[in-house]
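Sharing a structure below in structure tokens format, with a few things to ask.
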Amino acid sequence: MICPDRPGLVSELAGWVAANGGNICHADHHTDAGAGLFLSRLEWEQQGFGLPREAIEPAVSALAERLGGEAQLHFSDALPRVAIFASKQSHCLLDLLWRSRSGELPMQVALVVANHPDLEPLCQEFGVAFACVPVTAATKPESEARMLELLESNGIELAVLAKYMQVLSANFLSRFPTVINIHHSFLPAFKGAQPYHRAWQRGVKLIGATAHYVTENLDDGPIIEQTTVHVSHRDEVEDLIRKGRDTERLALARAVHLHLHRQVMVYRGRTAVFA
Amino acid sequence: MICPDRPGLVSELAGWVAANGGNICHADHHTDAGAGLFLSRLEWEQQGFGLPREAIEPAVSALAERLGGEAQLHFSDALPRVAIFASKQSHCLLDLLWRSRSGELPMQVALVVANHPDLEPLCQEFGVAFACVPVTAATKPESEARMLELLESNGIELAVLAKYMQVLSANFLSRFPTVINIHHSFLPAFKGAQPYHRAWQRGVKLIGATAHYVTENLDDGPIIEQTTVHVSHRDEVEDLIRKGRDTERLALARAVHLHLHRQVMVYRGRTAVFA
Amino acid sequence: MICPDRPGLVSELAGWVAANGGNICHADHHTDAGAGLFLSRLEWEQQGFGLPREAIEPAVSALAERLGGEAQLHFSDALPRVAIFASKQSHCLLDLLWRSRSGELPMQVALVVANHPDLEPLCQEFGVAFACVPVTAATKPESEARMLELLESNGIELAVLAKYMQVLSANFLSRFPTVINIHHSFLPAFKGAQPYHRAWQRGVKLIGATAHYVTENLDDGPIIEQTTVHVSHRDEVEDLIRKGRDTERLALARAVHLHLHRQVMVYRGRTAVFA
Amino acid sequence: MICPDRPGLVSELAGWVAANGGNICHADHHTDAGAGLFLSRLEWEQQGFGLPREAIEPAVSALAERLGGEAQLHFSDALPRVAIFASKQSHCLLDLLWRSRSGELPMQVALVVANHPDLEPLCQEFGVAFACVPVTAATKPESEARMLELLESNGIELAVLAKYMQVLSANFLSRFPTVINIHHSFLPAFKGAQPYHRAWQRGVKLIGATAHYVTENLDDGPIIEQTTVHVSHRDEVEDLIRKGRDTERLALARAVHLHLHRQVMVYRGRTAVFA
């Protein structure tokens, strides 16, 4: 729930759950005084809750409307259908597939989309459907249309760009907005192409990775997680790339974990992460 | 508030604040399912609150009693009177004195107690009273009695052991229980004397510091904060000591900051840190 | 090269390489004054070197003998044959297999040994031989004899315990001494069984992993790499286990990387890591 | 020593020390293949060295000339005279003064220069000369001229900008080039003014500090050390500033430590840090 701040909101929300017989197991709130907003994440047990499952969403919506805010309802036993976008590099993709298979990430990887065929064998090993959709400057509109079809026909709720290396258009994002990307720098440093080369050039002593929601402005979306690793003058560009792979996949996996557990709220270009 | 867990507690506590006209600015809760306990930290604005300041504590106590739990009430505009215990090393003491003077730590350092006279000039620079209370095995009971007198006559609420290097007796702690210590290892590794020497001997690749509440079992109290720093084979014991000083004072300052902002709750030998 | 310290050693070693027409690309030295030892790691290009490949080792040995020390010679284009020991958990094994396949780790995984059959399919995906050697208290001697046969017949040079969860006997280690283990705590804290459970019990604020060479004293061998990750009161034991997996595989992969690049020297129960 | 790379350099340099009877206690080398440069840091004992103290520098210069490179000679028992530039904030200044007084930093703080009078009492406590040199856009040339006089008359070798908050002109730097600055962001992110405000605005999950040598391009000089600290949505700008103070003073102190131990070599806009 995100709504305008005023006294009594914690009580009102918790009271609503209690009035319906719910037992809250996690409750997090945040007030952004500058923005005048109140954010609340409530997690309660289904067992013993007075409303039938299908009646909860309308009730929550009514509550949100009354408070002049917006709310989302998620069930923790749901397994969201996720598409992973990749290119040629396997480290982030493999990491997500393994975390999904092992049950660490509560999601169902329904589809992998890539603009190159290289990662198909890996997907086969994990029994995940693979769609190769090449992208060139000329074919980008058709390619994106094909991807949107795939997302829709597969009932995808979240797309994760696991080193996809392509920019999604504003049109694409307007039709499928829930996209997490991993960028291989500690943003806002080294936006755009070849961040490791530029980091080496600049002589930084630490490199990083940033997992963020995608918006139409490149590498400018709300940040979910950032990680860094130390480098030294002994590290060449390829060492930065190697060390970066580890920090990339950690940042991405943590961000997806937080998203899937609905611990991230986005507002005004930033996130509140209830970890 | 710490009380036995049951449904409706978030609502009940927040409702109590709201019923008295209070506006909650921070609310944190935690359920320890194994222990069957519910922990809640509520921070609300005094302005507009329906109860006069002196009536809040009795009301909170009554609420706690009704829930079968225990509660503490603190006012964020209070400046707790703190005593710092030191020995010969100045880094933690100076750090705390500076953070107090700069207003970063909301406390009033009313007294420094040391078993050696070395740090008196530093205390004079900061205008803080200094009491030298030497301790030997033979005089320990009298020395501790003298310290307890000093704590009482100065109205001290919290004692911080800033590299005090002496063990406080169970008798002392039973009479003055709120004591934070900094131990120069990542506990439970290297309990007791000379942790840096033993860390060097063991060839560890990281050293640490642990800020914890003091209990009668040496280095075994509830942990508030831990920090680490990397070391290499090039570091001699004196390098470990040097690098350790930085991580010690950071861990201690953070722990005192958390304590003073009442973000730490202790239960069953552990802490919940609402950061 | 590890030898007794005396003036002129850097010059003598570098001079020997230069006299044979070698171009040093990396040179690292360390003097342990307390132990009276000098350690040197020299890396030079084969191209243009005056000695034929097979003559270098005898020449290096003669040099070491003259200095009263010990030396090892390795060729960076060699792909050491490695065996990975595992049990039921896949995260470290998969990580090493992937890093090997991608070329990040310069090794050839010739064999996976496990005391349970669970990980055979994963090994098949990677085309790696899998041997299931169950171990019980009664059969341990025969099981270890079987493993030693496997190591010998496969020409294994390094064994990596990737969450093997079994203790290798002193007899095994005397016959196959080069073994790297990952222990799921920041040693020397939480040696032995169930470190995450004990870390939770103790209420630590960070957990860690330690990669070390195996010796007959459990969890007491020379440490190569240690990593940590922060935890909070919100983390249950299973969260510690989950967060720990990431820090375990990072510590292990870095240690194996350092070992394979011959950046680790062991002496007197500790390591010098020329990173 | 920095000189063009060619085979035999380690041997040549170490051989020169050995030929003069010197015992090398630390030797570090680095080859930047792309730049075609060889960097070497040799540290040897004065005791027993064949050349008298005053004859070493000319000999080293001759050696450098022969190799077509540049060399610096420093004596580890020298206490360089250092000026600290500050403004109103005390945390970095106090930290450096304390580390100097305690002997952790081998330097002599001969002078503190500030554009505001606020920090004079702190300098008096530490017995350090304080010069207030106000700077306005109009008076900047005269102010810098005054500062250069102060640096010269006090025999200053290194200037440390401890949150000085003023930009030194290219003219100043051409006359006094050895200046270390602390910038309160992980460069190249948030160059220039108000990095914490902009970091908060961007919603980053970690903030940092960068210690670097000053060049005429603002915040663009060779980086010596970078540190970071995690922040969350709960942190307001003032919390970033507070957390930042700790990471700033750590980065600056480490950089000054490395510089004073002559572990930093600058070349082509970057540093090699032999730590």
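Every chain is named by a letter (A, B, C and D) in the order it is written, and numbering of its residues begins at 1.
One rule holds in what follows: contacts are C-beta pairs under 8 Å (C-beta built on N, C-alpha and C of every residue); 3 or more make two chains touch, one makes a residue touch a chain.
As the structure is a computational prediction, the values presented were derived from the model and not from experiment.
In terms of C-beta pairs in contact, the better-connected of the chain pairs B-D and C-D is C-D. Of all chains, the one whose Cα centroid sits at the greatest distance from that of subunit D is A. Subunit C has its Cα centroid 41 Å from the Cα centroid of subunit B. Subunit C and subunit D, compared by their mean Cα positions, are separated by 37 Å.
In subunit D, the positions touching at least two other chains are 234, 275. Residues 30, 32, 186-190, 202-206, 208, 222-226, 228, 232-234, 269-273, 275 of subunit D are the ones that touch subunit A when the two sit in their complex.
Residue ranges of subunit C in contact with subunit D, taken from their complex: 6-12, 14-15, 17-19, 21-29, 31, 48.
Those residues of subunit D lying in contact with subunit B across their complex are 90-91, 94, 98, 102, 104, 125, 234, 242, 245-246, 250, 253, 275.
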